[in-house]
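Letters A, B and C mark the chains in the order given here, with residues in each chain numbered from 1 onward.
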């Protein structure tokens, strides 16, 4: 299964899309490897300061679901940036992460309302394609914001998914030079972010040669499934030195399993996303670390990109957003509500 | 007639309407202490509503109720229980998984401390209550292991437990065997000896005459009269019930010598063993026997509803190969089942749809149902059988049992059925409609159809049959010809030798 | 009195119920039209119809199954399996009509398996299709390895994305299917059999209704319609995902119930179900236009379903 997945993710999607019916001149997007890209910190330097948007500009956002803190915070980022520019925002989401058609309905309904730009965070790689096409036909710029990637998207704002895994792998290489057994708790099978995060971790740590990935199992973003999987893995491999989970919710489930096995000292646990619970757990010493992708800041950058597109600027296809490994040692420098200070820290890293 | 002051239960001028429809128009009822009082009337006469008023299920719109001279208000079932009125429903309201004792104390369990149910005392008390009624009932057995008759007695014990002084019984014998009925008669005698009054609702006139000292007759929601029994003749009682004189019909035979159907050595487990029978054109063949003697089972095997272990059914000299209802229907057979609600009608569908079911191909062209043709044919058939109310588009479930039965018969007439298999054709059907069903059976025979009639009611078997087969323990024990059909003869063959 | 009564068309009760559902839809439309000017526009109404078409396609099949006294929880995964197989065939170069037939055949086959287990196997519909819910999803995931299949031929996608007289292709396809289903249910022996089998299976058998075949047909139609719904969707998306169809069964059951289908079997209406789908679609659309959060949309859906059931109870209880 693991092998199948990786192969499929690395090449399968690409091969399948070669004959893409849409006959667009765009190559199917791979947000991690797209060459036409720019880092978020270079936007001002390359394209100058953002011009003041026209009166009455409004931008619509459609995200996965508001039951997840990540998407709520992303929306706050949209709003903070838009408010500063006196731009109107509507932010909508489906009722749960599985509701693909519901999200499509919401997106289509928004298109008919005359927004100047739209920010889409699709449930899957495919479910918002009709809305994207409809918006294109209506001449409304669409930005695909994290983390599912629409192959035909013209603009993408998000972090380098693979880099999440790479950063965690790097921590293990730095802190356990002698190597050891590690395990991966994956997100939903078939989701781009999950596959890339896992691939980044797996490839980096395998290249080092000292580590042994004893298990890599999907827990479908569920804390409970992650807890069960981790408990089983720990039972099987009592000498495990670390877990990497594709998101924080699952990582927190793993933390509980590690605690109940009494292996806090031996087994490191990493998550991804940097939700507030994860921050608290890092402070408490339960969670070893998380790779924060700064949803608030990502939201701001996405809104900035949308406004630049409305202003007619030609931007690279992918705008990469910041991320950083948060551990007990580094947590203080990232815990700030002052966005300018945070921007400075991230630019400097 | 009992004087009001001495009455156990006295109802005056009870009215009840459902929306615009008034179902009780000032009904009165007086029951003396220790009396078995019949409540008689055709279906729809208001008996059920009156019982529901009595036991608090339906609050009345007006009227007075007194129990032992004290005026009571019954708005909820609790009030009825407090007033000493209990009801034995036709469909017993028990929890099958609980024991006899638990059911007797259902909703009023004895406690030890505040929390724990006092099982021992409950069981001892249940045993005491059942001692006079039926000591063979094990109070620790779950209700589901009991026969219907025993469950009924448990329900009566429950009524006694709550100190009921009036027990209303709604069709208590509808699923009892004659032997079980005798047991019930004894129970009722025990109850009345203790001064408990019984309100007895039944379609079976022989039972009413045997048990009741008086009866109140209702018609169309109105009080008709109060009669003393058994001195009032049956014809008078029936006249009061139906509001007209019933022609007293005698049996007419249309039987011929032409063999229509032959059943050879039909068997299924121990229920039906090696049953043979021959049915002639225009013949009405009655099948009598005790409940459990295999009559219904035999009919279901012939109709292909159940699968036979062995044996054949031959119609017009051709043995039918398929053992499913469809094959038998094609061969001209049609079953009018005993359990109409369970095996007969599609409740929510109109009369037309219920009639058309077996003959859909006949009523359709290029795959579409010819609704007009179906409608016309249904109307024609239902006019012949005098469907009331005459509206074939109404859901069959909204009709009375007798009219449902007419529609089921109409179904087979429409399908061109020539051999009718009737199982308890008048079960749950009121007196007026009964006569109509008998006439219908006679008409079928006159038209050259063959008719099998299974019935537990001896007068019915004798009334309709040209010939009677008596079943005993799964076998055909005897065949009685015209002159020999008497209750005594049937009983002699039906009852197993000791 | 008999003359007047007999002139009333058959099945008047069901039609009465449909009128009630329609009144509900009209009320919802009036409320939204009053609250936002963008609701009652031609474009938005077409939008609603298009968004409701896929769930309607599923719900039609569900209604037939529910009328037959069963339930089909496996529609979403059946759709996913049919879609991925159909898409794989198209990508592999199989002619579009053949691939479409292949996908529909897959759905019908899944329905046959469900029906066979229920009729010949004697298992409960809820449990069988609950098993199917996992089984068919697993097959779709295993077959695709979890990844979407992209690259569907343009001529196939044209069907879903084209319009006829301003109406989107899916709306027309589903309207045609609904018309056929309506005819089957109200005008053919099969429809009468479905009602009979759902209303009282034993009585239907005694009356000579081919009970097994009737139930089998219901599940096979449901599977086939799930496949068609999935084809419409992948035509719109341009990709077939093994995860598609999540929770479709619940939307379909909700629409059927709003439309008057009884989960006890024996009662239901295609017209009612269609209106039920549009009610759910209009609700979602209107609340989005009003920028109401998704959680409240869920709340509104729940309230609508329960209110519909309460009205049902009040009017049929007499």
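Throughout what follows, a residue touches a chain if its C-beta (ideal position, glycine included) is under 8 Å from a C-beta of that chain, and two chains touch if they have at least 3 such contacts.
These figures come from a predicted structure and were not determined experimentally.
Asker: In graph terms, with chains as vertices and touches as edges, which category applies: line, ring, star, complete, or other?
Answerer: line
Asker: Which chain has the mean of its C-alpha atoms lying nearest to the mean of all protein C-alpha atoms shown?
Answerer: Taking the mean of C-alpha atoms per chain, the most central one is C.
Asker: If you average the Cα atoms per chain, which one ends up farthest from chain C?
Answerer: Between chain C and the rest, the longest centre separation is with B.
Asker: If you average the Cα atoms of chain A and of chain C to get two centres, how far apart are those centres in Å?
Answerer: The answer is 35 Å.
Asker: Using mean CA coordinates as chain centres, what's the gap between chain A and chain B in Å?
Answerer: 71
Asker: As a quick test, compute the distance in whole Å between the mean CA positions of chain B and chain C.
Answerer: Distance between chain centres, rounded to whole Å: 42 Å.
Asker: Would you give the residues of chain C that are in contact with at least 2 other chains, written as numbers and ranges?
Answerer: Nothing qualifies.
Asker: In the complex, go through chain C and note every residue touching chain A.
Answerer: Per the stated touch rule, the residues are 38, 43-44, 47, 50-51, 54-55, 91, 141, 144-154, 156-157, 161, 233, 236-244, 246-248, 281, 284-285, 288-289, 291, 293-295, 297-298.
Asker: Please output the residues of chain A touching chain C within their complex, sorted ascending.
Answerer: Those in contact with chain C are residues 4-5, 7-9, 12-13, 16-23, 28, 65-66, 90, 92-95, 98-102, 104-106, 108-110, 112-113, 124-127, 129-130, 133, 151-152, 188-190.
Asker: What residues of chain B sit close enough to touch chain C in their complex?
Answerer: On the chain B side, the touching residues are 18-19, 303, 305, 325-326, 329, 335, 337, 342-350, 352-354, 356-358, 360-361, 364, 367-369, 371, 375, 379, 390-393, 395, 411, 415.
Asker: Using the touch rule from the top, collect the residues of chain C that touch chain B in their complex.
Answerer: The contact residues of chain C facing chain B are 2, 5-6, 8-13, 183, 187-189, 191-193, 195-196, 199-200, 202-210, 266-267, 318.
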